[in-house]
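The next part holds the structures, each set out as structure tokens.
Look at the two complexes coming up: subunit A is in both, with subunit B in one and subunit C in the other.
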Partner chain A sequence: MSISNERFEFVRQGAKERDDVEIVHYELQYPLGSRQEKRVVRFVSGLFLLSGLASVVFVACYIWWPFTNFPAVTGWEYEPGNSWMKGYTPILGLTLGIALAAFGFAVLVWGKKLLPHEIVLQDRHDGASDPAERKLTGSTLQFMGEEMGLSRRPLLKVALLAPAGGLGLAAAALPIGMLMKDPHHPDVFLHTGWDPQANGGKFVHLVREDGETKIRPEDISIGGQITAFPGIPGGTTNKHADSPVLLIRLRQNDAEALRANIEKGYPINRGGMAGDLVAYSKICTHAGCPASLYEQQSNRLLCPCHQSQFLITDNARPIFGPATRRLPMLPIVVDEEGFLVATSDFNGIPVGPAFWEKPEA
Partner chain B sequence: MVSRSPSRIRRRAIAALRMLAALVLAGGIYALVSPGAQANAPGSLSAAAEEGKALYNNYCITCHGNNAQGVEGRGPSLIGVGSAAVEFQVETGRMPATAQGAQIDRKPPQLNSDQARQLGQYIQELGGGPQVPFSGERSPTQGNIAHGGELFRINCSSCHAFSAGGGALSSGKFAPPLNESTDRQLYAAMLTGPQNMPVFGDNQLSPQDKFDVIAYVQNLNTDNDPGGWGLGRFGPTTEGVAIFLFGMVVLGFAALWIAGKS
Partner chain C sequence: MKRRKFDMKQLPASTAGAIDDRYKVATPLRSLLNKVFPDHWTFLLGEIALFSFIILLLTGTFLALFFEPSSQEVTYQGSYVPLRDVHMSRAYETALNLSFDVRGGLIMRQMHHWAALLFMAAIVIHMARVFFTGAFRKPRELNWILGLTMFWLGFLEGFAGYSLPDDALSGTGLRIASAIVLSIPVVGSWLLTSLFDGEFPGEIILERFYILHVFLLPLLLLALVTVHVGLVIVQKHTQWAGPGRTNHNVVGERWFPRYIIKQGGFFMLVFALIALMGGLFQINPIWLFGPYEAAVVSAGSQPDWYVMFLDGSSRLMPAWEIRAFGYTVPPLFWPTIVLPGLLTVLPMFYPFFEARLRKDKAAHNLLDRPRDVPDRTGLGAAGIAFYLVLAFSGGNDIIADKFYISLNAMTWAGRIGLLVLPPLAYYVTRRICLGLQQHDRQVLAHGVETGIIRLLPDGRFVEIHQPLAQPDGHGHAELPYVGAPVPKKMNRLGALGPAIKGFFVPIEEPAPKEKKAEITKEKEPV
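This part shows the complex of A and B:
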């Protein structure tokens, strides 16, 4: 017997007298030194060994498994196709997974098979604590307050208000500040990169994604679309991420329908089309995703984030989904050199999702 | 008078000869530079187009009508769609269509590639239109994958997804995955804009730009999925949902097993 009877009796007695815990049943699962016990011990030890082995393999793979063909090529380049490198991440996950699982399983089996079965009882205490003890605790707390002596030292009391108030204000600054629009640029939501005034009074060219190539009307086929950026310095960067538009060439009858709808219901877009070309803001009015899924037969623009749909032939009116506002139309004309320019900054309508001071349009 | 008469005859003869020479020259130049004048003449199709016409009258005429002029409510006119559109629709099995629907889907083609090209030639000679400018199935030049990737992300990825795995559109329509497409089909699709896809003409994406995009898409297609299963290559959301569902089920059973044993 490796478990000392003397120590067991001592623990049992102590638990009973000090903590009111009584061990009523205590039984070893296997006789100590029996064949069954040795089998379980071997199993658990095997799991531990497996866990250790897998950990070592993990470290070895981490260091030596080729995950790039460095230094065969200069730099850390990813190589397409089948190769050993593709196994790098899976082998790391596999080895670490085996190590952790084997360790966890071993601990589980140890607890369930090798530890004795025992049943212990403990009485539940009734009611509140002893009145004398409660009084002592209360008096201790009050005494600590008196020791600090705030009532006798009014300067300290007043001085404490400063960090209390200051830190409280600091904690409130973030949530309250997020509710305010940018105080330093009061019109940041109202202007985009297309604003002619910011461009020295000149109309801004529509350019391609390289930021240089100006777009001509004939660049877009019927039923085609092109993403256009403002031709200003930094026009394709995140600084003007609110500016991209989708430039679309409609079929003749669809363009006629759009012109009729502009006259009929939305005169602010009057004169905004260049022939059969129309440009709408690419920023969804719901949550600001790029609404650039263009269906050329059904004349719809879709937003991939929340499935809003806009009808191109009716001033990009939302016809499905959570968006409630139209996509603003960028008024475009062809300048004397044959390039497309924007004559105004979306007619003053702010792009993108709603905000508190957004003008109704 | 008598002495002048031979010279007058000669002058007239010379003038007539000049006239003849000028006519021959002009006609010859016209014949040289005029593009296939006889091909456009009605009733005279090339051999391939004649084969195509026979196929058309078997497979297409029910919906697209006599001489590809369309049938109201059944099929559109094919005048001017070009051979590129015909080859794309037939080679990907979308045409002949089995039924009208939100979108005509890709399926195993009924006609082989040669027949598709004969049909395309017939429609081309009927009404012209965009043509794929190379003859093989593969791009004639290897495109620049990096540049193609830039073009793909700005022009294609909004619908076809960054992985070319496709995505949903409105009312049952969808952008298909691009993993089965050949170079030629990709080129034809960009050039003609089948169904609800926008048209990317040569002024917007030059032929070299198109080869770059094709190189990028085919590179995506040959790349295998690190980790084994691509889950449709729909991205982190699908992967997260899959690992969550799988992990939760496993954990649930593990908890049941542990509880049941004690």
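This part shows the complex of A and C:
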């Protein structure tokens, strides 16, 4: 088997005459049947074989590797320590990767080494169309306009605006109307799960993440903090995603400092602390991440998303990073049974990130 | 009746004949087969994106068969013991089932995720190649705009996919996205409640994102990819300047079989890389993060890489809130809505801006070497510097943690760096370009440095230069620079043998030389 000279000449001539494609250089990389050629052929064949072999191993592993107690799937459970199971995905990736890589590499070597080297010129035929063509097409379009006669018939032109505008409006109205939802009636931003009114007028308990365990002041050590949720049905779920608060027990002098700061500059939060305990919204006023990294020594609260920092002893004032607003304080007291309850819904200050019509805190 | 003898050898020809009888394809087919593509490794960068997209469609279809984008609360009872009895959404449960109970589900998930990262990376690198070589110039402005559009579509597509599993990380990302929507002046709150059907997170957002992720955005991307590639074929690919190459021809290899073999083999290699990464490198282990809960976050939470620059811009933004007449523009608005808006619109207009600035109305099919257009290259370097500062700032907490740097110092370094580094990058790059230009001109005039030092009778040492053309009386050659690489080493001139690398092939045994055979008699040097 060899490359046919006659056919090549035919193809070359045709490409040049009919397709404007000129083969200006065409050269075998190795003499046909030479030692090097055979070596490359062997190499490519070897890669193809490797690819097939790796594919077979892939399929075998896919079926028989102990991913589950195959074929009995019932009663199986994933064991985190089981190295066979851990190895399942890696072995699939490895065998599939080898199969594909060997195949791809073989194809590339075939193309780059076994095919004769060629340099081919093709005319781009770039630029605009022939002027006569352009003129003819332009006239055809213009004549189309004349035939329609919009410019001659001003009434049609005006009348056409009606369906254009009307149907456009209708096409926009339907999806917008379907999706649109008023954020203020009922207002979704101003109320959280702590609202006593929604709880039948009773103060809402602070509970732990199980949704049941009510929190007593002595549950938190000095300098410690826990996340508290409203003790209402579904209070710990994402239905009340804006409700979680960070309940902090400050050291006594820090608590005094905070109380003094509130007295001085932030009267709305007056009386919101239960002894040395204070609760602030966990929802960052910047982008709504939970600001939850509390540094005990400096009384700073850091949001890990964009690193806004809030100084708790200064009524959660933002002191670094992109946040501009204080975290709203949840006013808390101890009820007669000794549990912590919230007396109002963040004193009416909306929780979370700012927006256009958000009331100034 | 006699049955005609079936001739196997005639089958291809007779089939082809039958097809041509009906569709008359011989001429268009041949012109497709004979179509010439110029070859350069940088022309394959965009193909990585195309191939990743194909793999995304393949793996994504498989994942869609097992995933349910439902917010319905369930109690996990699947195979992964540490999460048993945990309340979670059905979406998170099915994502876990994909990882632990579907045979081969985890590698499909990981391949999908790696392919998405590779898709975005390839787009960015490809875009940089197009920018720095001026391939966006007339007549290819539209393809540049389409490419930019696809970057942002890919960005949204990736973010939507990232949000679907409803794990702690993706939920936090969605929370930030909701705050970004909320920050838009005038309509923010309405947009948010319309998108989420009420308050964040609501119950329908995953289903809406799912339709975006598996239908709308992929369809749009597929349509744009088709137009993008179609335009490349119709307009023919740009090429580097070189021997025989003009603005009006294409010099390379024919599409079939040479170029298609390269494309096919390269597709397999990209596929192999994604398979290897999907199998060997863990990505997004959602079972370690737990389900999304509004109160839970961990330090060091990072988005996928292509989102990091927006994370960084949010972090660096000073706490500037505009309050006037009872209304508010939150600081989040500027780095996450205005900045991406500018980054979309400004580059789209860049081809027209540059053409007007340079009063250049011509069509360009030859690529610029970056050094030959120092201002553009400097601008690109400034853009990269700007981007890198933002992207690194997206991980500045990790850097602060690993290198024991104050977190606040990192933020300030980012803020200052964002203003200082881009102009610096512009200046330095521009100077480097001018220097490289000058060296090209010097070699063209004086020749290649040979490394041979001669001691002159008066004691001076001079290096002998190999002129590239017959020098005039002053030892200067009159060679114009044509935008092609200038040879700078003797072996590039053929004056020395090719450099033999001594690592795999011993230096003592250079590859045996055999005369290459010609099948055509004439040999035209090109």
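Odds and ends about this structure:
Operating definition for what follows: the second predicted complex is superposed on the first by the 285 of 361 C-alpha atoms of A that agree within 3 Å, B and C clash if a C-alpha of one lies under 4 Å from a C-alpha of the other, contacts with A are read in each partner's own complex, and residues count from 1 in each chain.
In this section, a residue touches a chain if its C-beta (ideal position, glycine included) is under 8 Å from a C-beta of that chain, and two chains touch if they have at least 3 such contacts.
Remember, it's a predicted structure, so these values are computed and weren't measured experimentally.
Taking subunit A as the reference, the larger set of touched residues comes from C, when subunit B and subunit C are compared.
By the touch criterion defined above, A:Lys86 reaches subunit B but does not reach subunit C. Once the two complexes are overlaid on the shared chain, A:Gly224 sits against subunit B while remaining clear of subunit C.
Contact with subunit C, but none with subunit B, is seen for A:Pro353 once the two complexes are overlaid on the shared chain. Contacts of A:Asn238 after superposition: subunit C is touched, whereas subunit B is not reached. Contact with both subunit B and subunit C is seen for A:Pro304 once the two complexes are overlaid on the shared chain. In the superposed model, A:Gln296 lies in contact with subunit B only, and not with subunit C.
When the shared chain is aligned, subunit B and subunit C each come close enough to touch A:Phe320.
In the superposition on chain A, A:Phe10 makes contact with neither subunit B nor subunit C. Shared contact residues of subunit A with subunit B and subunit C: 80, 89-90, 108, 112, 209, 227, 290, 292-293, 304, 307, 320. Of all residues in subunit B, only 150, 154-155, 158-159, 167-171, 173, 175, 193, 195-201, 203-204, 219, 222-224, 226-228, 258, 261-262 touch subunit A in the complex they form. Within the complex, the subunit A residues that touch subunit C are 3, 5, 8, 14-15, 18-19, 21, 24-32, 34, 36, 62, 67-68, 70, 76-80, 88-94, 96-101, 103-108, 110-112, 115-116, 118-124, 126-127, 179-184, 188-189, 209, 227, 229, 236-238, 240-244, 282-283, 286-290, 292-293, 304-308, 318, 320-325, 352-358, 360. Taken together, the subunit C residues at the contact with subunit A in this complex read 27, 30-31, 34-36, 73, 79-82, 87, 100-101, 103-104, 106-107, 110-111, 139, 171-172, 175-176, 178-180, 182-190, 192-195, 197-201, 235-236, 244, 247-254, 257-258, 261-262, 264-269, 271-273, 275-280, 292-301, 311, 314-321, 323, 326-332, 335, 363, 365, 396-397, 407-408, 411, 514-520, 523-524, 526.
Contact residues of subunit A toward subunit B in the complex are 80-82, 86, 89-90, 108, 112, 209, 216, 218-227, 290, 292-298, 300, 302, 304, 307, 309, 320.
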